[in-house]
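Labels run A, B and C following the written order; every chain starts at residue 1.
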Amino acid sequence: MASIETINTTSVLVPATATILEVLDETPDVKTFRVQIDDEQARENFKQKPGQVAELSVFGAGESVISITSSPTQTDYLEFSIKRVGVVTDAIHTLTSGDKIGIRGPYGNGFPVENWKGKNLIIIGGGIGLAPVRSVLNYAIDNRSDYGHIALFYGARTPQDLVFKWEYGRWSQVKDAEVHLTVDCGDDTWKDNVGVVGAIVKQVNPSPENAIALTCGPPIMIKFVLQDLFGMNFTPEQIYTTLEGKMQCCVGLCGRCNIGSKYICKDGPVFSLAELNEIHGDF
Amino acid sequence: MAAKIISSDNLQTWINKLTATCEVYAPSQGKEVSLFKQVKEGDKPALNILTDIPPKGLIFKQVEKIFSYRKNEDGIEIKQAEIEPGRRVIFGIRPCDARSFTLTDKVFVHSDMPETHYAKRRQQTALITLACNDACRTCFCTSVGGSPAEKVGDVWMMDFGGRYLVEALTPVGEEIIRANDDLFSKSSPEDEAESLRIAERVASKMPVLEIASAKLLDELFTNEEFWVRLSEKCLSCGACTFLCPTCYCFDVRDQGSANSGDRYRGWDSCMFYQYNRAAGGHNPREQHWKRMRQRMLHKFSYFVTQYGNIDCVGCGRCIRSCPVSYDLRDFLATSAVAVAGVDMDFVGELPSEGQPRTCDIK
Amino acid sequence: MNKLEKQIQEKAIELLEKGEVSAVIGWGQSWNPTKATPLFARDRKTAEKLIFNPFCFNNLSVYLPRLNEKVAILAKPCEARSIVALLAEGKINRENIYIIGLACQGIVDIGKLETAIGSINEATEARLEADSVVVEVDGEAKKAAFADVVLDNCLSCKQQDKTYCDVMIGEPAQVPTGKAGLIVPEDADATWWRTFWAKEFDRCIRCYACREACPACYCRDNCAVQSLRERWTSPRLDAKETLMFHALRAMHVAGRCIECGACELACPMDIPLTLLHRQVGDAVRRLFNFNVGEKADIRPPLEFFLKEELEKSGR
């Protein structure tokens, strides 16, 4: 027989149950869910790092890997901002407070926030891509003295597609931080920047000195933002992103997220550009 | 425990006695295909064949229920599916198939996230390996780190014609032999020498193929034309992956309503279009040649980097079962040349066969 | 190499060197002389490896819908009928294919062959000698009468002298005569069929090789049964589900299936799928008086309604 010292009696594929406390409407197809794990011990054990993900179950529909958008400093609940794109996310969108879901996690490597202490953080988000990097943003804000200047650049196609509108006020008040919002197409009520988020980054021209840039958003946005950052002399080691490739089991077994010799669910989803440049894969 | 000898008649008795205490699975030749079937007392297994279907499904079941769920007043009750207790023996498994479990164990048992259902079934199962007295045209175990007489499993046997040399490899193997001690007799040093001679003879029947290193194969990723040409005739079905003893990709799906149902783990194949297709529609491996590239590189490069072994045991089932008779050894030979940067004008012939190559690049 | 093969290679080289096509799709030698494998010849050297013998069972027209280039294709009557069917459905462009018709005298059924002479996995040579198939295994030449080992499908082939093609190589061959391997009893009723298919589909591993090898199943990647949104099949993969998949596929190819047997030949579990499709094909012929693969300008009957059908149904 294979020498098996201890077999976990509980399969890694079995979720814990959690209750939806509150649902916030962000955009026509994005909702933020505030979720609390039912079992107290499991809740205690679930100590996520910024940038980690969780596997959410809607029983009967299936599982989906969603990034945890709340910072670990928010201990009352876990927040997930979910865009409606398929069977499972459709099903989640029909749920309201009091409903039960399943949760497994936290998984993934998370952002290396320890290494970033003392550095300036430049956070560039596009559309729903703000969700995973918001965990770092709020973590840095809640540990303010550990980090240098914080700059948030966030854009979406239209004002209706902007998420976390209810956070902008608070973020604007943060010490030694700046918030730049933009949309591709404005409307009558929009008073802020108009243009792609990369253009605003170039305009503001943050210094790469002692800085980390993290970006997440649609592939086309990331492509141009990277070009812009290189133009501003950021090195690949300074630039981080989180990959949203298809993940299934999230525990490095099912093979789906295998890219090169890495698994997005285990070795990622956070990668520096330097690391990504070493990987040959289908993204 | 020293190696022993068992006669062919006593071997049958041994099998019968094993069926009394555990579930015994052994090779069986059906009308259409050969596979591992449960043996009842008195059944004579077909020990002289390499089955069409590997015993992979006995431990890594094609469909495995993970848990059932049910809504109640308090919320949702989740009940993990239990593995039926009891011991099992896979009798007459070939070294390549036994080795395939060693490889899959690295992922499902010895990793930092072991998978309970596989691990439990694996723990319950003893492997009684039968060394090979011959090699098929499609066998190439010696090229991927195995051998026709590899000592892998719990008990190892070799057929001397009329009698078998038997050796316990693990404490479980020793226990199995000790429980039927009266059926075995002592072996001699000459028996040991004979086993080495047979092993050598069989191994020499298979040419050792040159396989490029994991690093060089990874770099071959960017040579798109290579992969497009290589996979021209591939139909992108799932036959090779399902009949491969080392392929282990799976899918997790629910069957039921929001109120009650089950969650299953089932075989999936990286060769299927939907395998990597995300809900929003994005599919990084939309073209079938990208999926072929992923399969080959996973087996011969990525798994090597991750776990230290080639994820292939050289059983040749993919070659035999492929609807278009695609020969994986073509990939090994042509990639070995491609990574050397040699002009791919003429790749040459497979070493031992003298058969013309079926796929030329350029 | 026989005369026919020489002619095929010469034709292929001529087309390639003139630049008329970018590839010639045919068959080459595989790891075993009793198994041919599809071969995409793009230059002289590869074209010289083209073969044609009674072991060339793959239906090559399966590759056509996904190609964008102008190709030549070696076509037995099976490929030719598939091409006509695909043209009738508008799935391929006639200008993009150059059809080299071949005089096919029948394809060997490996199952029947192995029943006659034993395992052929270690064959070193295989050839047709007069009326026999000769296979050399371990130095011994084993013989079987060709009529005894030919595919059941070939026994009812009516296309020998009217293969749809641009050029024909070889003289039209005789339709082989022989005994069918699988006999369905005269009184086979629903119960018989249910038991029969339950036993056969017990072996099905849902690899979808049948679907991928079928020229009519051009949906391929977007097949309904693997759809991620609509869950037509359950993950349980039980016998009922498997029967449903095959029945679903049989209905989807009804009126478009030329009963070439590519599905059955692709199946690694040797499930006699052609029987199922022939049953459905019989129904199509009975109900619509339609023979697929004969006319490239007549659409399959299940793709549209005739005016009188609509009127009759009262809609």
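What we mean here is this: contacts are C-beta pairs under 8 Å (C-beta built on N, C-alpha and C of every residue); 3 or more make two chains touch, one makes a residue touch a chain.
Nothing here was measured: the structure is a model prediction, and the numbers come from that model.
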Greatest Cα-centre separation from chain B belongs to chain A
Once you count every C-beta pair in contact for both, which comes out on top, B-C or A-C?
-> B-C
Euclidean distance of C-alpha centroids - chain A vs chain B, Å = 38
Round to the nearest whole Å and give the separation of the Cα centres of chain B and chain C.
-> 30
Distance-wise, how many Å sit between the C-alpha centres of chain A and chain C, to the nearest whole number?
-> 50
Listed in rising order, chain B residues that touch 2 or more other chains are 251, 253-254, 277, 279
Going through chain A residue by residue, note those that touch at least 2 other chains and give them in order.
-> 86-87
Indicate the residues of chain C shared as contacts by at least two other chains.
-> 228, 231
Mind listing the chain B positions that touch chain C in their complex?
-> 32-33, 52-53, 62-63, 136-138, 229, 232-233, 235-239, 241-243, 251, 253-255, 264, 266, 269, 272-274, 277, 279, 286, 288, 319-321, 323-327, 329, 345-346, 353, 355-356, 358-360, 362
Which chain C residues qualify as touching chain A in the complex?
-> 228-229, 231
Contacts from chain A onto chain C in the complex sit at residues 86-87
Residues of chain C touching chain B in the complex | 28-32, 35-40, 42-43, 45-46, 49, 58, 62-63, 111, 121-122, 203, 205-209, 211-213, 220-222, 226-228, 231, 234-237, 265-271
Can you list the residues on chain A that touch chain B in the complex?
-> 1-2, 4, 7-15, 17, 19, 38, 58-64, 83, 85-89, 91, 100, 102, 244-246, 248-249, 251-256, 258, 260-261, 280-283
